[in-house]
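Below are two complexes that have subunit A in common, paired first with subunit B and then with subunit C.
Take a look at the complex of A and B:
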């Protein structure tokens, strides 16, 4: 592109180029990235800065009245509102349940499906299909399957003599149900990432280890697992962030209930902002969530770096 | 170049003026929650008739699903894109009125020729008037009725709610008895809460009819009534029906009345349009009476004009047109009227093409004697505070009284 421009100008021989090659390249580069930069500023950085400001105000969406209250919203959440700690606990329970289950299942599936065999594409498709399925359809079908006595899950359990709980109406079971159905929905994505990483590992390493007499477990533990570490970090970070941000699944399956048993942070923020119209308070909660996710990501990166050293 | 551009701009403007005529048409944007073709056709006809006095005004009806209605309306208001006018549900009315976003329609309605504002009873306007200010005009004052599946009642060989009502025997005890018998004899559920959502988004629709039949109420004068003995007795009966008789569709199960899985449900007559698709015989009957006698419960919705809309005076004139006697009579086929003259006329009971006049007479009675569902300035917060406590109530081993005391403890600070 730069060459074309230069040729074009000098061929016409009208005047010396106004900008040096370096400057022209810089201008072109900026022109290329400008749509993204504008989008980033308008739709990401702008709202992010706005949320910080909103979190310092008491702003009612309906009346449009806004008062600057300093850090009151933060104090309110952290020390005066008992619901906040309950909600935070639920978010951690959700993340602690979902992340290990999702990652271990994804790794197991990837190990099974990373090598070519007859029907491998079929199985990969089966496990990836829920990722591209509509969240609404997914939740509605699971709500149906998880009904108390009439639900298919409980009827299957009854066949083997187990009296299943009323999954979505008992607080602890409801949390288990939303975690497991979410894992089944999203595990395919992590599986694909792991498959890609596994296929990138040169076969020679494994062959060399086998020559040395290493068992399958030893090969996995000493060769494959360390080489998967960068992918594992990425998967951990995106899965954890995703689990803290979970909203649609909760909204559609339990609405935060029963007895606030599945009321997680993202859903609570939605309730405060969009049901009670307390935008200021909701913004403060969103900032707290941002800090938690950021802190967990940083900790994980530090641990990973230490591990590498 | 500049001259050419100038010519182009001038000719465009001139052409635009010629095409648009001397007066430009005005659009009014009107938000509703119905998506029913029959409802929208009727609304369009009313908008068309407004053109007789305002030939250049087009009214555009915009459907927002009921579940998100209030929320999306709030976003439109907050986002600087308010509709000119819209429907509003009873539970949202106090919140919006207190936020001063609703226009006072009083002066326009009083000035409208032949409007007869006094035709609206004080009771019907109660929720929409504060002092001299009229925040909205109710277009639907629709009592909750029992819808029953006659085919299932016949199969179980029990008298229908309508037959029992006509004999004066339709009460809470009988309700429990027939629900149990139908369940026992047909294997189908005896009763389903409104739209199967009585345990989550329609808590009030589930609890208020029996509580009022027993003589209780949700709250009054800043005090919670859920733990009063009347309310406790009413809810204990429901609890027994859910967990002992197993005749009401329990939490976490689905038993859709409209597809024939339940023998009875509670709904409003606007929903009768759905019954034409049902493959069974059906009818409507009043709510069962209780120790406090008959206590019909009404769901109300009104038309409001938004202060922040750009054409509020024109919008107010459309409200006056839409809620005049003629149009209220027209709407009565779907939305029971709050105008006394229409309600008392034979035209109302005979207006409905799918519900027989004898059943519509029960609707008229319920409107005349009923009480609107409870509402409050802080309804969203109250309902959210109640929800987890009500969840605790719907466990098989729950102590109903204790659970309802929990509801009151959560609600009282907000009243």
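Take a look at the complex of A and C:
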């Protein structure tokens, strides 16, 4: 016993390591994560702190000076600038139009395409194709298709006797158009998430319910839908956040118009920051967006925790 | 006459297929119309609509390259996407490995910090990042288009994806590597990485597409035509009044989209699975 102990000590003494094994592992681990940490601090956390500070200042572009103005920019947005509430309303209209449409279509497609049948791969491939396509290309093509009388969509509608509106030139129709084309672009993603969730449900559940004489609708309502709840929650939050981030789609299809009818929060931030150089005000807007997204994430976490209990 | 179960099944199958075909129209039609219009003349585009051009105007595809340095812009997108992909693979798999396999003080806190970055849209930090990049003297260069995706929320998502995958690798394999005298770095390179090809492939696919389709960052940081990336270039086919030159714009858009679509059609299974794995938009 004493022998092994001295052996051990002398072996250690020979190598004379400066760090214990655990310390060494910690140092190595920090080396492994160091690029991520440095990048994270520099391009994410730093800017996030900076945007809080910027939002409390007023920048003068001529003198390149910034003065501390406290919560003035927030007051400006929330009570003085009529644009803000209009923009926020647009963002919510966009989200509340897009999310239910996207999710219900995704679920229906997933229900149709979660079981093998002839053509299932063909349809999945088609419905997912817009997801891999660039938002810019998608927006350009749909802008082309949705032109007034000359647009292909209206020409098609004319064939069945419908006189289509000038989609992107009328505020309300423009909102409808950007929502629907965005749903077509992104629905494939939620569809495959739902398909994965559906395929993870054991077939016995359904068979058992069927033996007890449950109809298709009852099986969906009582068995499948409750089992999909965690997936639905995740999809809801991802889609909701995604709809608040939407920028390129709107930038290219309507440019926020007509009459600011599709001016949404992400676009407004860009416009204020990079077109009008209202850095303080744009930063306050960015903070408001941050809070909205954070609130959504927190809601998801609370619901998830409740779900697990 | 009552129908047999087989017959009802056949009928419901047919109805389902027909319904899916109708729903598929707005998914497929834009692609067909885009390619077809890219071959039309500026006048035919606004004439009687037809899916097959009356006169195939191949010249559009030459004019696309004459109108702006489109070949250069195409190359920019390509090399930036490849660079972003390679850097993301290295950096996210290093960090993902440490977070999955190594014990170190601060790991929990680091995870929490990184998780918080996942959900934050780039619009929130783009203004300070603009000043940071300007201060670094990197305006109108491709550096921000590489740095921001690699270290932004997309890179963090890749890190978590890699971590998830490393967690599933049996520890015994790494122990064997350790016995053979491999360092931590050696285990990462020779054992962990070769074992995680599916995860690396998934990260590559979604990262490449993420970079290829990036729009806000190029719009904010790039001003010279020859440094444009594809999405910027596509939006730039306009006449002197700022109105789109549709025939050129759609020809250029076809050039940008069709190669991606072809790769997608060949590897659709792999690509769709990659997105399912990451659960985020590309």
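Here is the rule we go by: the second predicted complex is superposed on the first by the 257 of 309 C-alpha atoms of A that agree within 3 Å, B and C clash if a C-alpha of one lies under 4 Å from a C-alpha of the other, contacts with A are read in each partner's own complex, and residues count from 1 in each chain.
Here is the rule we use: a contact is a pair of C-beta atoms (placed from the backbone, for glycine too) under 8 Å apart; a residue touches a chain by one contact, two chains touch by 3 or more.
This is a predicted model, so every value here is computed, not measured.
**Student:** After lining up the shared chain so the two structures overlap, which partner does A:70 touch, if you call subunit B first and subunit C second: first, second, both or neither?
**Tutor:** A:70 sits against neither subunit B nor subunit C.
**Student:** Tell me the contact category for A:202 with respect to subunit B and subunit C: first, second, both or neither.
**Tutor:** So A:202 meets neither subunit B nor subunit C here.
**Student:** Between subunit B (first) and subunit C (second), which does A:116 come into contact with in this model arrangement: first, second, both, or neither?
**Tutor:** neither
**Student:** So, A:140: does it touch subunit B (first), subunit C (second), both, or neither?
**Tutor:** In the superposition, A:140 contacts subunit C only.
**Student:** Thinking of the overlay built on chain A, is A:82 touched by subunit B (first), by subunit C (second), by both, or by neither?
**Tutor:** neither
**Student:** Name the chain, either subunit B or subunit C, that contacts more residues of subunit A.
**Tutor:** C
**Student:** Is A:257 touching anything from subunit B or subunit C once the two structures are fitted on A? First, second, both or neither.
**Tutor:** first
**Student:** Does the superposition put A:47 against subunit B (first), subunit C (second), both, or neither?
**Tutor:** second
**Student:** Figure out whether A:274 sits in contact with subunit B (first) or subunit C (second), or with both, or with neither.
**Tutor:** Both: A:274 reaches subunit B and subunit C.
**Student:** By the touch definition at the top of the document, which applies to A:150: first (subunit B), second (subunit C), both, or neither?
**Tutor:** both
**Student:** Could you list which residues of subunit A make contact with subunit B in one structure and with subunit C in the other?
**Tutor:** Shared contact residues on subunit A (touching subunit B in one complex, subunit C in the other): 144, 150, 274.
**Student:** Going by the contact rule set out above, which residues of subunit B touch subunit A in the complex?
**Tutor:** Within the complex, subunit B contacts subunit A at residues 71, 74-75, 77-78, 95-96, 99-101, 199-201, 250-254, 380-381, 384, 387-389, 391-392, 394-395.
**Student:** Would you pull the subunit A residues touching subunit B in the complex into a rising list?
**Tutor:** Going by the criterion above, the answer is residues 60-64, 144, 146-151, 166-171, 255-260, 271, 274-277.
**Student:** Given the complex with subunit A, which residues does subunit C contribute to the contact?
**Tutor:** 13, 16-17, 19-20, 23-24, 26-31, 33-34, 37, 46, 49, 91-92, 94-95, 97-99, 102-107, 110, 113-114, 117, 119-132, 147-148, 150-153, 155-156, 159, 184-185, 188, 209, 212-213, 215-216, 219-220, 230-231, 234-235, 244, 246, 249-250, 253, 256-257, 260-261, 264-265, 268-269, 271-272, 275-276, 279-282
**Student:** For subunit A, which residues count as touching subunit C in their complex?
**Tutor:** Those in contact with subunit C are residues 22, 25-26, 28-30, 32-33, 35-37, 39-40, 42-48, 50-51, 54, 109, 112-113, 117, 119, 121, 123-138, 140-145, 150, 152, 155, 184, 186, 189, 192-193, 195-196, 234, 238, 241-242, 244-245, 247-248, 251-252, 266, 269-270, 273-274, 279, 282-283, 286-287, 289-290, 293-294, 296-297.
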